[in-house]
Amino acid sequence: MSQLVLDKLKERFGAAILETHSNFGDDTAVVDAAQWKAIAKFLREDPALDFDLPVDLCGVDYPNRLPRMEVVMHLYSIARHHRVRIKARVGDEDMDGAELDSVVSIWPGFNWLEREVFDMSGVRFRGHPDLRRILMYPEFEGHPLQRTYPADRTQPLVPYRTEDEAGMPLNKLEPFGHDEGMPFGRVGPHPHAEDN
Amino acid sequence: MGDMSNANRSLTIDGSEQGFATTKVDALLGWARKYSLFAYPFITACCGMEFMALNSPRFDLARFGAEAPRFSPRQSDLLWVVGTISQRQGPVLKRIYEQMMEPKWVFAFGTCASSGGFYDNYTTVPGIDKIIPVDVYIPGCPPRPEAVLDGLMLLQDKIARGERRAGVVKPRVDPAEHVKELVQLRRSANDPSELAPGLLAGVRK
Amino acid sequence: MEPLDIELDEGELELPAEPMHLNMGPSHPAMHGTVRMVLELSGETIAKVDVQVGYLHRGFEKMCERGTWAQVFPYVDRLNYVSPMLNNVGYALAVEKLCGLSVPDRCQWYRMALGELARISDHLTCDGAMAMELGAFTPFLWFIKAREMVWDILEEETGARLTHSFGRIGGMAEPPTPDFKKLCLAALPEILHIVEEGERMLLNNRIFLDRLENVGPISKADAVALGWTGPCLRATGVSYDIRKAHPYLKYDEVDFEVPVGTRGDTLDRFLVRLGEIRQSKRIIEQSLERMADSGPVNCDDPRVVLPPKSEVYTTIEATIQHFKLIMEGAKVPAGEVYSYTEAGNGELGYYLVSDGSGTPYRVRIRPPCFQIVGGVSKLIEGRMLADIVPTFGSLNMIGGECDH
Amino acid sequence: MATFKLDGKTVPFEPGDTIIRAADRQGLTIPHYCWHPGLSSPANCRMCLVEILPKPGQRPLSLDILELDAKTGEYKPVQKPKLQPACYMAAADGMEVLGDTSEHVVKARHDVQEFLLLNHPVDCPICDQSGECTLQDYWLEYQKTQKRMHDEPVHKPKGVEFGATIVYDGERCVMCTRCVRFMAEVAKDPVLDMRERGNLNEIFVSPGRQLDGHYTFMTEHVCPVGALTTKDFRFKARVWFLRTAPSVCQGCATGCNAHLDYDPRYNKAYRYRPRDNEKVNKYWMCDEGMLTYREAHDGRVLEASVDAAARTTAQALDEVKSLFTGVPSDSVGVVLSARYSLEDNWALRELALVLMGTKNVYWSGRPDGYEDDILIHRDKNSNTRGVKDLAPTAKPFQALVDDVAARRITHVIALGGSAPGDASTLRAAKLVTIAAHRGPMTDLATVVLPATSWAEHSGTYVNAKGMRQIADKALEPLGASKPAWKQVADVATALGFEPSWVKLKHIRGQLIGTAAADAHATPGPVVGNASAE
């Protein structure tokens, strides 16, 4: 709705604002990951912007882009009725260097959301009070929302019963086979990348 | 076994005709047990909404003597597993089941509890029977309360007969029973030999 | 008889006690089966609490990446399973925003009516369950009875009691049934009657009030900073309701108020929900009035809307259309969008990323109660153990939504 | 270079180019049924009509037509520009062409599409083409409207057998005549033609003839709809469940590029499709080649065996060890195979020359066979050139037979089951064969180790023109089979050597720089995991 936000950001941070667009009326700014916290602080404290409601934080994974992981923050100002979407891109193909400054000190509401992004997408937040897994259990390895994590790789905490123990068949027919349920509209990268 | 043809039967006490004392006692026990099921509702997800409805006046679980919830596993003998069980929830479920006293029965309430449903992914246990034994599976996402009551009656029947093999709640009317009519409707053919083999296979003798 | 009222100074009762660790949940009647609280108590006072969620994480966002756009509907149903219709509508609006579609008026009114019905059932469940957790079982049964009435209507419309999967991209699965209006108009007064009964019963009950008043209060500023939305935020006095602030569908054409609280304590949250039930009734009545009895419900765009089944079986054009939509899925133009609606618990946001194919590249849901539960520790630290139950109950934490 | 404008985009073209070809080269597709880059343009589907703006000062080329006025219900004369088929119209410098941006073109495409579907049967659910059918795609792109003619469609012959391989369905046919032109222009055997006219148009085979020869599958391949289907693929699989790996045909030394379509759920290959490659096979493949996908499953060696008795691979390797202990290296013969990838042969050569230090390297393969001047090569081995580059000193198979007969060679390690000539003499030697397919060499072998076929691991093949081409991995290894280079490594370890290669990339690293490694001549994907389409 308001080009104002983007303009103010550009005039204040200049080169740190890598790109902007307002498709579908969502003002979006892709910012330099190093400036993440500074920009957040500015958005919160500038009286004309006054983004007081921490709406959402999530990671979007683009395995064949560099940097790979896109962290998306949505903010809203209850007083000013405007929204903004801030994005920062971090991490190489192995998610090395996927780090951002935590903004919990600015919006306590991001506490759990940062934990979730860490848990699901594997982005680490510097200075977060306690950066633990939140949705998955501590024993879980990997980050499920990275596109390279297979959707059906389970890591059970309790050993499954065997069919002999149960004395009955336990294996269900999978609702989805390997590729079933995936519409062929997208012919994915075909499952076997060059082995070894 | 465990399909509705059994559950439909009027609840006679097995063994009472044969006149053996032991069977009589067992039958008596079963008869006593099946009307005083103390439930432990292990409610996690959507199905919990239907579980509420189940306790509400309209469907009134109390008619079956199974309404009293006990939130201590040690006091309960019927474990309702209502909703999706995530891998994280798994150990909790197992622990609770182990804490329950014999005799104990387990309901898999809804598709997620029975098979994992359409959550075929990294975090969902594909059916609680991967972790604990199940007595009655109730399909449905969530199952209608009527189906659950069917399941409850099926369980009561199983208890009365001392039957421990797992049972599944099936539709009262098995479509397979009607294949013949359907096909005849479609082809006006009276002799089953004309039916496709697949359909014939479905027809129960 | 006179209520027993002894003036006691907390200090006198407070006995020196070793800190004691208590684990509440995940399988605890008041924890909705999906939350675990690791409490550190000194006496009965909560010194520290670690709230752990994720016991109902079902991989919603991952599953969305393997079906078509339309195949997401059944999953959103099961996010906030107390008011699935609101999720359906929210998701449909999000995808339509991305496609640049707008649905016919009739559909918009229909969506509003169904959505508000869902909201009523949501609030009935929350308040009823909360009362039950405090030991008041009767109002719970009454509220559930009222909810059954709502569900009867929804079942009549959608065929399902709870998980409807009724929304579609560019419309609804079916047009309203002929006597939809009649059903609603007949049921709503009944429901309100029950609500009032329950209300009278609870709000004149000294014990109930004592358990709610000034329990788990939170200030405006804190609530906002924690990212709270919906009834819980409004209970603090911030009148932020997306239906008013950023009207979608036809909410700008109906008149209704946004009930707000003053102290932001548990009682206020309880009352705000009851207030919203009344407002929903008004909205439904107006929508029914404005909703045409005939006319198209789905927008007329062959790229997203399925053809009538009869055509599919008889004409090649419809067969092709059906085939394309089912097997490949409706192609959604590449781009990203954040769409937000007012769900039972507050701002329900969908952040969609499309790569132009028939499959979502990323579906991110912004579940309102995730952040609300994130604030629980702030509410209950330093309070009595028994306060957890009403406080937590009044937040209407829904596992499927909170844990994705 | 001369250019014209298509919808405002500048398109360069070479003299003689048609509009559609020039645009196609630029990646701008103009919808079409009958045009095919490898065939002539009959301009009979009318789908590629475009509007060409008159040069400044010139009078527009337009037609007088009657248009129904919806309001008055009367026809009124209007003018509309005369549209031109882009597949026939030669591009001219500075030409202004309108496609999607011209309302007339849009309407024309819509109407053409509607006409094509007028009598089309409701076959998608049972049609093998659905999912890759141009009619389906174009309906959604250019028509988007429901049927207006609710009348009995014209019925035409269905399920007509054109020959041993192809079945024709007249009702699905859009009369693009691609098949007719293919047989006439590429296969040089004009056996197909069109008869009747208008609605009753149908494709038929010349009386007294059948659709036969070596290129019948291509008629199905060029068919944009489901009119022609091959008996081989008919009703076997649904294309949306298939995944595709870029592969190289193993039928002969031409090394045609192909897509190998397989179903990951059943780990089964279903068909080949030609992969366009201007330098090798253009757009075509031969019937024999199209059917070689079957070799991924037929006649396979799936478990290790000792003296024709099944063993585990470990047992078989022990047997190898005991066979070769104390055998002087110069009495050991090593047989490379022209049917296996460079990597496999490199590994075996490494074992022979470097580890064992024997000079007795031979090469085998399949005997020569039929050839023509279109695609089919006399040499029926996919990698002869590669093996010769890899081991120029390798002696022909006959030499091995002689050496064994003369007792100069007592022990043989062979790659591949096939032999170019009579191999019975090898019975005299202790033969260890690493093979994916059964053949004389496996029948005679003391120890057989299962190898994966080309479809189960990524491998490099050098065709007769000396181009390195990579066939990518599609299937998971069947049975107990392993890539041959792995088996060779295991054999080497069993014999007490330390193989220098553990991963495929080690071998690939070695291959660069050998005579066979002119990576630039490599068309198609150089990287193994390049996904198709």
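A, B, C and D are the chain letters, set down in written order, and residue numbers restart from 1 in every chain.
What we mean here is this: contacts are C-beta pairs under 8 Å (C-beta built on N, C-alpha and C of every residue); 3 or more make two chains touch, one makes a residue touch a chain.
Computed from a predicted model, the values in this text were never measured in an experiment.
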Interface with the most contact pairs, given as the two chains involved: A-C
Per-chain Cα centre nearest the global Cα centre, belonging to chain: A
Chain B-chain D separation of Cα centroids, rounded to whole Å: 54
Chain A and chain C: spacing of chain centres that average the CA atoms, whole Å: 24
Centre-to-centre distance between chain C and chain B (centres being mean Cα positions), rounded to whole Å: 30
Distance from the mean Cα position of chain D to that of chain A, given in whole angstrom: 41
Where chain C touches two or more other chains, by residue: 54, 57, 59, 62-63, 327-328
Where chain A touches two or more other chains at once, by residue number: 136-137, 144, 151, 176, 183-184
Multi-partner residues of chain D (at least 2 other chains): 131, 240
Contacting residues of chain B [partner chain C, same complex]: 41-46, 48-50, 52-53, 55-58, 69, 71, 82-84, 86, 88-89, 92, 96, 118-119, 121-124, 141-142, 144
For the chain A and chain B complex, residues of the former touching the latter: 136-137, 144, 149-158, 160-161, 166, 168, 170, 172, 174-176
Touching residues on chain C, where the partner in the complex is chain B: 26-29, 32-34, 54-59, 62-63, 74-75, 78, 81-82, 125, 129, 141, 144-145, 147-148, 151, 161-163, 399-400
Touch list for chain B against partner chain A, complex: 87-88, 90-91, 94, 115-118, 120-127, 129-133, 165-166
Residues of chain A that touch chain C when the two form their complex: 23-24, 26, 28, 52-56, 58, 60-61, 72, 74, 78, 81, 83, 85, 107-113, 116, 120, 133-137, 144-145, 147, 151, 176, 181-186
